[in-house]
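Quick heads-up: structures coming right below.
Presented sequentially are two complexes of subunit A, the first with subunit B as partner and the second with subunit C.
The block that comes next holds the complex of A and B.
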């Protein structure tokens, strides 16, 4: 009870939350954007909201994400089952979520509930044994994996022939601008994507495909129109003026799929509430290479959850997509393994 | 103007400006969503206190010194900008007869501060944000240079005090109608906002600030809001006649005009989407820079 004035004042505001979305949690996340203070990075959150079922292969990633939150922190499971070894899990029912959140926020700020400890050891994945005043390395300047850390190496550029450094890293599965559950292995030159494989496809999101308003909202959020993304007119879509602005900011011909539609066409279909498009065998390698990061995020958010899941499921590392140009090798929409054989990496993005 | 009186007054005004910026951002955001404005005036303060109470997170092998200093550089540049703004005839904290040039230099160093902030955490998203910001920052600084020189032409001086006095008959916003809209783009770029936010954007999970937690986050956001106050005050001075106005005291007119520019910038932030980098570069070089030349031409012909 001995809460200082400052702590009590802080606790009276809305808690900063980071949502880790699992299977079936996407639609609920869209609703919660309107009522909760959802942060873009776990570094700015105090409460980790696990939304939707987390497949066992995603648990190590969830634990690493958990450790990214600054102290004091806590986790809430909503429409999700905590694993058996999670100590003292807090679960929230559909209508009790906000209440549980504010109570938890108060109790971790006051110290009534201890901050959750790290799951992983807080030390570098590989020892720094470099020479020099900053331990910056050994001999040579580029390439290789000194001390277990992959270094960028010059490589041919897809666009202009400049040989800039190429850098490979996994991104996902809980990045807010990627489809939840997706782990992308990307090779980047600056912010230009050279190659992309999905080492794990996104989680299934039943019922999300017939919600075009939510799909437009996700696209708006990636292009930094978060307030308009939350507004809905009577037809369940964001305001027409906002959609028109959004459309104008998207380059013509961006993200053309094998059926010939680009991002603008797909946005038009959502706006006109046309039925979701059938799968056409598109792969990530048709879409992403050569795009800048911002364009790539627009493209990934221009597909409904089921379709991007199908695209990613056939874009895995063993897909051999370069030599399989006639596509349609398999129809994986129902098949992606939730216990996929992705390898573990020592390096992840900030919100990985 | 003595520094002993002036500096505390300036910092007090800046503090009020910071609070106004945060409250405006929250309130306008909620109005656009269609939610009640509620505690928009105090919610940002609660968030600030909460973040100060929380842990300062680190990444693996960051550039500790620059990560700590980057918000300081950014904040200091905002203070320099605000100190150049005259709040009464011949009264500004930094009395310099080339104050437009010093502001231009401060704008250019903002690019360095934002880059260092993205460089320091030693992580991919902040670094991508940092490089992208530099790419967009160069042509945006050119824009700023042209419109501010155009605003200085009627005054025949690069001194903001003279620029305000030259608007006694007619404000620059009417004399050079292209200037203020172009400068609003510069303000959004300097403050990492909406359509010109290539550093701290949503597609990079927060870009240069993606790794900022607790006090680091608050420090950077405070500096960003301070730059908004300073850049809007410069806009009010160069295009809206600064302290000029009837009845009310000059500093109050300046504050009201600064607030009006701030409302415009916050509205644009929320309503305009951000294009991909290549399209934005094309827009700036092919469309906005020629418009800035036209603005300069109009100002030049007007002076003849």
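The block that comes next holds the complex of A and C.
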């Protein structure tokens, strides 16, 4: 076959890996950034690396993620228990991970191991259904529910109340720039976040809170400074010059929590290795609305795993309404008085 | 006639190259793209709505201002070359042209272009 030389060439390189991080896998993922070719999207990966225990409620998400990988593909479980119905799971021990990865990469390329089939059926999640009697047609931008999903509907913009289409989607739980396990329900107008709720808090990451070097590295990676994020000085932090550059690149006053600290203050605490801050009752609705996507990712990565977990745990779909009623919250300055809108919030959950 | 033949040959060549590449892709033993693979990647969750949406192009007032001044410049260079020959006629023409563009700038003023944030 004519593809064999191409496959041999591919096999001589490092395997492209996408890491799906579960409970307790964050610290290990940080170590692996130096040795593995971790991709930002499953589209560029051949091997799905499951790092840390995956809670049962995250399994459907993991399966959907698994199906995104192009063929040939395989899954490796590292510090994780594969569920019983996962066919022929490959598990890797702590010191044998790289060896297992390379062997698996070679074997799926040579065809010794068959590429893993899809979990989900090969059809759209819902059938096409227009408004007509034969399932045809719609009404322009607003019409029908093509493939069972509604079109984006208009909603008032936070900034000036212009009614254009608001886009709602659940992001996570395996998006590389989000805390692992977090499912973030965002409503966006263009790039600007209108509302944010956490339908599922991040996975617990025991032992990650006293590693400020890792936290700074994650923030650097979000700011697209991956080379600096890999370097550590003797005190376990990235180089001081790099941290200073990172600090200057972050806007002043971004992501102010209820205790008055912004992203720069939290970075300073990590740099000075101060103890992690006590929880102050901040919610996602204090932090994210009005920010653009990239700012929001900086803000979310400026908290230690335990603190962002606490913030997300009280920012659930039912927690937010209660919070608005108690009235002693500093409303964001740019929030209009009546941001009710005509948004179909019930349609934004993950499709079954 | 020779040009037509060249154009036809070039069209045939490019079409042939595209079709050959498509056939080459079919030779690969990789399975085709399935429905779950074609879904957007947002971290494992499934999107609730379609991504087709309208959002506001907020820089449109700046664009208006840019186009107004750019058009002014585009006309002014050739106008400056012929101004001495044409005299008062060219001056009147430029006055009309600037008047039209000024309407755009005044409209932009009303929309708040000059209120810098």
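By definition in this document, the second predicted complex is superposed on the first by the 298 of 352 C-alpha atoms of A that agree within 3 Å, B and C clash if a C-alpha of one lies under 4 Å from a C-alpha of the other, contacts with A are read in each partner's own complex, and residues count from 1 in each chain.
Methods note: a contact is a pair of C-beta atoms (placed from the backbone, for glycine too) under 8 Å apart; a residue touches a chain by one contact, two chains touch by 3 or more.
All of these numbers come straight from a predicted model, not from anything done at the bench.
Asker: Per the contact definition in the header, classify A:61: touching subunit B only (first), subunit C only (second), both, or neither.
Answerer: After superposing on A, A:61 lies in contact with subunit C but is clear of subunit B.
Asker: Looking at the overlay, does A:7 come into contact with subunit B only (first), subunit C only (second), both, or neither?
Answerer: After superposing on A, A:7 lies in contact with subunit B but is clear of subunit C.
Asker: Quick check on the superposed pair: does A:48 touch subunit B, subunit C, both, or neither? Answer first, second, both or neither.
Answerer: Touch status of A:48: no partner.
Asker: After lining up the shared chain so the two structures overlap, which partner does A:34 touch, if you call subunit B first and subunit C second: first, second, both or neither?
Answerer: It touches subunit B, and subunit C stays clear.
Asker: Where does A:226 make contact in the superposed view: on subunit B (first), on subunit C (second), on both, or on neither?
Answerer: A:226 sits against subunit B, while subunit C stays out of touch.
Asker: For A:183, select first, second, both or neither according to whether it touches subunit B, subunit C, the two together, or no partner.
Answerer: A:183 sits against subunit C, while subunit B stays out of touch.
Asker: Name the contact category of A:294: first (subunit B only), second (subunit C only), both, or neither.
Answerer: First partner only, subunit B.
Asker: Applying the document's definition of touch, where does A:72 land relative to subunit B and subunit C: first, second, both, or neither?
Answerer: In the superposition, A:72 touches subunit B and subunit C alike.
Asker: Quick check on the superposed pair: does A:124 touch subunit B, subunit C, both, or neither? Answer first, second, both or neither.
Answerer: both
Asker: Find the residues of subunit A that appear in the contact set with subunit B and again in the contact set with subunit C.
Answerer: In the superposed arrangement, which is not itself an observed complex, subunit A uses residues 41, 43, 68, 70-72, 124, 167, 169, 175, 190, 349-351 for both subunit B and subunit C.
Asker: Hey, which residues of subunit A end up touching subunit B in the complex?
Answerer: 6-7, 9-14, 16, 34, 40-41, 43-44, 46, 68-72, 109, 124, 128, 135, 167, 169, 175-177, 188, 190-191, 220-228, 230-231, 242, 245-246, 249-251, 254, 292-295, 297-298, 349-351
Asker: Can you check the complex and tell me which residues of subunit B touch subunit A?
Answerer: Residue list for subunit B touching subunit A: 28-30, 32-35, 39, 43, 45-47, 49-57, 59-61, 121, 123-126, 128, 131-132, 194-195, 197, 201-206, 209-214, 217, 270-279.
Asker: Inside the complex, what are the residues of subunit A that reach subunit C?
Answerer: 1-3, 20, 41-43, 58, 61-62, 64-65, 67-68, 70-72, 115, 118-125, 141, 146, 149-153, 157, 162, 164-175, 178, 183, 189-190, 347-351
Asker: Spell out the residues on subunit C that touch subunit A in their complex, using ranges where they run on.
Answerer: So the residues of subunit C touching subunit A come out as 27-31, 34-37, 39, 41-56, 58.
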